[in-house]
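Here come two complexes built around chain A, the first alongside chain B, the second alongside chain C.
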Partner chain A sequence: MTAMVSSAGRRRSMDVQKIILLAILVGIFVFLSLAAPNFFAIRNFTNILMQVSVIVMIASAANLLMITGNFDLSVGSVLAFCAIMHAYLTKQGMPIWASILACVAIAALWGVFNGVMVGVLNVTPVIATIATMYAARGFAYLIARWDGGANITAGLPQNFAEFGRTMLFGQVPIIILFMVVVFAVFFFIERKTPLGRFSYAIGGNLSAARLSGINVVGVIVALYVLVGALAGLCGIIQVSRVGAAFPNLGQGLEFDVIVAIVLGGTSMMGGEGSLVGMLLGALVVGLAANGLNLFGVQYFYQTITYGVILIGAVLIDLAVHRKA
Partner chain B sequence: MKKILLAALILSVAVAALVLVGCAKKTDEGYVGGKPTYVVGHIVYTMEAQYHQGIAKQIVEYGKKMYNAKVIVLDAQGKDEVAMSAVENLIQQKVQAISLHYPNTGLTTAAIKMAREKGIPMVTTLIRPSERIAPHVQPLEGPSSQMMGEVAAKQWLAAHPGVTCRVFILDFGKFPQIEEMRTGAFFQGVKNVDPKAVLVGQLNGFSSTEKSMQITLDALQKEPRINIIFGGNDEMGLGALAACQQVGRGKMKDGVPLTEVIAGLDANISAMAQIYNPNSSFKLTHGAVRDNAIAEMDTMIGMITGKIDPKKYAETQVLSREFDYWNSTMEEAQRFLEVNYLFTGSLKDEVAKAAK
Partner chain C sequence: MSDEILVEVRNLQKHFPGVRALDGVSFCIRRNTVHCIVGENGSGKSTFIKTLTGAHQRTAGEILLGGRPFEPRSVGAAIGSGISVLYQELNVVDDLTVQENLTLGKEQSLLGFVRKPRGLEAVKEILLSLDPSIHLGDMVGCLSVAQKQVIEIAKAVSTNCSLLIMDEPTAALSEQEVGRLFAIIRKLKERGITVIYISHKLAEVFEIGDVVTVLRDGQVVDTLQVAEISRACRDVPESCLRIVRLMLGKVVVETYVPRPSTGPARTLLEARNINNTKLRGVSFELAEGEILGFYGLVGSGKTEVARVLYGIDEYEGEILVKGARRDLRGVRCALGAGFAMVPEERRADGIFAGLSVRENIPMMRIGSILAKGLLSRGKENALADRYIASMSIAVRDREQKVALLSGGNQQKVVISKCLNREAEILLMDEPTRGVDVGAKHEIHEIIRSLASKGRGIIVFTSEMPEVLHLCDRIVLMHEGQVGEIVANGSPAANSDHIMSVVAGGR
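Let's turn to the complex of A and B:
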C-alpha cells in the first residue's frame, strides 16, 4: 500500500513538474513573441528546433540511461569524433552512406566501452564516461592531425554538406525530422517496451531488479550503445550542416543534455523521469538561448540566465517532491 | 568472466598506449651534433585553430633550421589554468626562453614574472600584456582589419547602391585589444565607406564554427537585412557562411555580392578555398603566420644570447597580409599558404571542390 501510494505520489509530482515546465515554456514564448524582434516567425521556430534537435536526440536515450541511475559525459566528444571520422573517411573516397554507417557503428562501440566499464566492471559512470570523453576528443584531434591540420575543411566531397542540409518538402530541415523520429521511437520504448520498464525498475531498486531476473548489465550496455550511436549520428548531421569538421564540435554538449533531462524532472538518482519532460526542458533552454540572441544579450548574461533556469528547475523539483 | 574482461581491457589500453608512444614523433632527432643547441618553449593559445597550429609548426621548423633549437610546444587549450600549468611545466623543464600567446593580459604578465623569477625570459605575442615588461611581437592587424571593412563595404555598395551596410560581428567575448585590432577596426573601415553603416549586433562566437553557425542563424532572424558579417577568426567566419547557406544565402555571382559579404581572419586554407570560390560570399581575410613565428623565435634567441634585453618592452611589428577576392590573386594566396601554413596541395583544386 505504501509502495503504491509512493509510486502514485511520484507520478503525480512528475505531472505537476511537467505542467510547471509547460507553464514556464508558454510564459517565455508569450514574452518573446511580444518583446523580441522577429521571434514569432516560422523560420525562427525552425531555427530553435534545429538548435535543440541534437540535444533532444541524444537526451532521448540519455534520459532512459539516467532513469537507470547512470549517465554519459562522453556524448560531446563522441559526436566530435564521429564528425571528424566522417569527414576523414569521405575525404579518402568512402561513399557518404557507407561512412555514415561506419561512423554510427564506431560510435556504438564507444557506447559498448562505456557500458562494459559501468555495467560489467562497475566503474562509476562519472569516471568511466569522463575517460571516454577525453579519449574520444583526443582521437578527434589526432585524426585531424593525420589529415595534416587542425581540422578537416578542405578536400571534402562536393556532396558532403547535403545530408545535414537536406530540406524535406523544401521547408523542413532533415535534422528536425530525425529529432521527431528519435523522440517517437524512445517514447514508444519508454512506455511500451521491456527496455523502458526495466530501466525504471533498475533505477528504482537495483537489487530488486536483479533478483526479479532483469538482465541489468544488458540493459545498461544497450542504453549506452544507443546513446553512443545517437551521438555519432548527431556528429554526422552537425558536420554536414557546418560543411567542415572541427574537433571542438559538441563542446559542452554533455551538460546541455543533462540540463534538459534534469529540467524535465528526471532524477539523477534514477528511478523516475519523463521523456516529455526532457523535451519541455530542452525547449525551455532553446527558447531562452534564442531569445537572448535575438535581444543581442552578451554571453556572460546568457550563462547567468542558464544558471538561474537550472537552479529554478531544481528548486521547483524539490518543492514538488516535498508536497508529493 | 569479469576478470577476463578486465584483463583484456587493461591489455588493450596498454597496447594502445605503447602504439601511441611509438607513433609519437621523436623530437630529439635531426639536430646538428645530435643534440639541440637551445631548448625553448612555445605556448599556443589553442591547437584547435589552424592559425595556431601553423605558428607552432613554423616555430619548430624555423628554430631547428636556423638555430638548431628544440621547441617544446604546449597547448593552453584556451584555458587560464592550463596556460599557467604550461608555463610552470616549461619552467620545470628548464627551457632557456618561452614564447606565449594568450589573450588574458593579466595572466601573461603573471607568467612573465613567474618565468623571470626562475631566470627564464619570455616573449609574448598578439595580445599585449597588462604590464609592458618584456619583449612582444605584434601583428599589425588593425590596418588590415580596417582595409577589409572598407573593401567589404565598397563591394556591397557597388552591387547594391544605396543599401545601407548592416554589419554583424562574431567576436571572442569583447576583449579590448581584439576590439581595437579586429572588430572595431573592421567596423570603422565599413563606416569609412558608408558613414550610415549600422552595427546590428556583436556576439561571442566562441571561436567555434558550430556555435557561430547557430548564433548567426539567430542574428539573421533578428535582422534579415544583415549584409556584412565579420568573424573574429576564419573559423567563426566559416560558421557564419554555413548559417547563411542554410537559409539560402551565402551567395555571390562571380564575385558580385548577392546576399552578403563575409570576412574572417587568419588567412587559413579553409578560408582561402571559399574566398576564391566565385560563388561564395566569404571573401576576405588577413593573417601573419610565418613572420610572426620567426619574430618570436628570433626574439627568444636574442634574449638568450644577450642581444635583446628580456626586461624591456620592445615591440616587433609584423605585417598581417590582407587577402580578398577582388584585389589578390589565387597565385598569391597559394604562395602565402605554402609559406605560412606549409600547404603542399593546390588551392585551385580546393576551390574547385568547394565551388558548387
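Let's turn to the complex of A and C:
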C-alpha cells in the first residue's frame, strides 16, 4: 500500500517540477505582455527564440549527458573555436559547405577528446572538460592570430553570411529551424533508442550498467561527441549570422546550458530528468533575460538574476524531491 | 580477579523491519579475557557490537556493565563508559602526523592556536610500549595498515578504556602483522583490558581467544572455553569440526533429487589451472544441463571464481567454452563468450532502482525489444509481462519502480534480466540471499527448469542446504583452492565431510 502511494508520488514529483516551471513561464509571459510595451510582437518572440536556440540545441545533447551523470564545461569554447575556424577556412578559400562539414567534424573531435578522458581514462568530468575549455579557447585566439588580428572581421567571402541569415517564410531565422529539428531528434533519441535508455541506466546505476554489458564508454563518448558537434554547429551559425568571428564568443555558455538543464529537473547525479523539462528551463531563462532587456536592466544585474534563478531552481528541486 | 564479570548481556533483542537481527542474545564477558565472537555473515555480530556501543538502540533486553545497567545513548556515551571500538575502516587522518592523530579532538587552543596538549606523555608511553617502531613525527599516510591500527589502539587505551572491541582486525593484515597484532593484544591483557575479538577465522580464535561465543541467525549457539576445545582437538581431530558445525548451523537438507540424465552431455565449460591474487590452480568442468555448486566459507575464493568467469578480475590459465579457448577480459567479452551473471550485491550491481520493471528486464539484451533498430513499446510490454508471469514477480503493474519491490521480487527482476540474455552459461552468485523462503523455493525451481533445458548453471553460495539441495556436483573451495569436487548423491556429499573440507582443506 505504502509502496503504491510513494510510487505515484515519485512520478508526480517530476511532473510537479514541470508544472511549477510552466506556471512561472506563464506568469512571466503575462507580466511582460502587460508591463512591457514592446514584448507582445512577433519580432520580439523571434528574438527570444533566437536567444534560447543556442542553449536549447546544445542542452538537448547535454541533458542526456547529464542523465548519465556527466557534463561538459567546454561547450562555449568549442563554439568559439568552430566559429573562428569556419571564418578562417572560408577566408582561405574553402567552399562554405565544405568548411561547415569540416568544422562540425573538428568539434566532434573535441567531443571524442572529452569522452576518452572521462570514459576511458576516468578523469572527472569537471577537470577533463575544463582542460578542453581552456585548450579550445586558446586555439580560437591562436587561429585569429594566424589570420593576423584579434578577430576575423574583414575579407570574408561574399556569400559567408548567407547560411546564417537564411529566413524561412521570410520570418523565421534558420537557427530556429535547427533548434526545432535538434530538439525533435533528441526527443526521439531519449524515448525510442537504446542510446537514450542506456543513458538512464548508466546514470541510475553505473556498476549494474557495466555488469549488464552496456557499452558504457561508447555511450559516454557518443554523447560528448554529440554535445561537441552541436556546439560547433551553433558557432558556425552564429558567426555566419553576424558576419564576423570573435574568439571570445560563447563565454559563460556552459553555465547557461547547465542552468537550463537543472531548472528542467535533471539531477546533477544522473539517472533522472527529461528533455521537455530542459526546454521549459531554457524558455524561463530566455524570457527572464528578454524581460530584463526590455526594461533596460543592465547586464550585470541580469547575471545576478541568473544566479538567483539557479539557486531557486535547485531549492525547488530539493523541496519537491524531499516531499516525495 | 579474572572471574569477575565485566559485561553481562541478558536476552538482548534488536529488530529491524522484517528482520530479527538479534533474537534473545545472552552471555557473559569476563574481565581481562579475550572473548571471541564468531559467526557467518548475517549472524548478528555487527549488530551486537553496534548495540553495545550505542550506535543502535536495542529493542529489548538488558546489558550490565560492571554489574550496573548500561544504556548508551550514543557512541560518545559508550566511550565515556570505557568501551572503545577498532573498526575495520580505520579512523585516522592520513595527512596528519602520528602525534596530531593521537591528540585529535583533544587539542587545547589559545587564541585560536593549538597548544601542546596535556596528556601527551601518557599516550606516547602507551604507543612506545605497543610498537616502538612508530615515531611521533611520522605522517600517518606513510604507515602500514597494521601501524595505523596500533595508533588507534593507543588512542583507545589512553581514554581509560576497559573494553576494546576489535571488528575483524586482521582482514587487511599480512601474516607477520597478524602475529604482531596478537602480541599487542597480549600486552593489552597485561594492562587489564578486556578484548572482544570478532572474526570468522577459526585459527585466530584458537591462537588468541580465551572464550568463544558462536552466533547464528541472531542467537547464541554456544559459549565455549577455547582451551577446552583445543585440548579436545588434539585428542580427537574430528571434534575440531564441532565449532565449524556450530557456526554453520544444523544442516537441514531437503533431499536432492537427481534429475534424469539425457545421456552423456557435452562439456560446456572447462577451466584449467586458473590463478590470480586470490585463486590458486582452480580447475573444473561444467556440462550442458548441469547445476554446479561452489561452496566455501567467507574468503574461500568462490566469489573470485565468479568474477574471473564474468571477465571482471584478471587471471592466468585457460578457459574453454565448448572446446574453444576464450580470453575473458572484461564483462562484454564474457557476455560474448556466452556467460551471464546474477551478481551477489543485488542493489549495488543488479537493479536499476529508479527505472521500472519494464525498463529493467531488457537491459542485458536490448535487441530483444528492438524493431527496426528502435525501442518497440509493444515488444517491451510483452517481454515484461511474460517474465512477470513466468517468474511470478509480485508487482502492481509493469511500470512500478524496482526500488519499491521487496528483496525477493527485486531478485526475480535481476534473474529475469539475466535470463533474457539467453546465455548458455549462467553464473548465479548467492541467488537467494536476502530472499524469503517462498521466493527461495521458486528461484530453485527456476534454476532446475533452466538446467533441464540444457543451460549450464553455476551457483555460488555460502548456504550448505542450498548446494546440497540444488546442485548436481559441488566444488568445495578452501583458501583459493579447490579442496574437492563431490558428486551430489554420493557418500562424500554429506555435511560433515563438506565441512571438514571447507574448514581445513581436507
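The definition used in the following text is that the second predicted complex is superposed on the first by the 313 of 324 C-alpha atoms of A that agree within 3 Å, B and C clash if a C-alpha of one lies under 4 Å from a C-alpha of the other, contacts with A are read in each partner's own complex, and residues count from 1 in each chain.
Keep this in mind: contacts are C-beta pairs under 8 Å (C-beta built on N, C-alpha and C of every residue); 3 or more make two chains touch, one makes a residue touch a chain.
All figures in this text were calculated on a predicted structure; none of them were measured in a lab.
Once the two complexes are overlaid on the shared chain, A:Gly250 sits against chain B while remaining clear of chain C. Look at A:Val30: by the touch rule set out above, it reaches neither chain B nor chain C.
When the shared chain is aligned, no partner comes close enough to touch A:Met268: not chain B, not chain C. Contacts of A:Asn44 after superposition on the shared chain: chain B is touched, whereas chain C is not. Within the superposed three-chain model, A:Ile311 lies out of touch with both chain B and chain C [touch as defined at top].
If you count the residues of chain A touched by chain B and by chain C, you find the higher number for B. Against chain A, in their complex, chain B makes its touches with residues 2, 5-6, 9, 47-50, 52-53, 173-174, 201-204, 206, 208-210, 213-215, 217-219, 221-224, 235, 238-239, 241-242, 245-247, 269-270, 273, 341, 345, 349-350, 353-354, 356. Remark: chain A residues 3-4, 6-7, 10, 191-194, 196-198, 200-201, 204-205, 207-215, 271-272 touch chain C in the complex. Per the touch definition, chain C reaches chain A in the complex via residues 310, 312, 331-332, 335, 341, 343, 348-355, 359, 363-364, 366, 370, 373-375, 396, 400-401, 404-405, 417, 421. Taken in their complex, chain A has these residues touching chain B: 36-38, 41, 43-44, 47, 50-51, 116-117, 120-121, 141, 149-151, 153-158, 161, 165, 173, 238, 241-244, 246-251, 290, 293-294, 296, 298-300.
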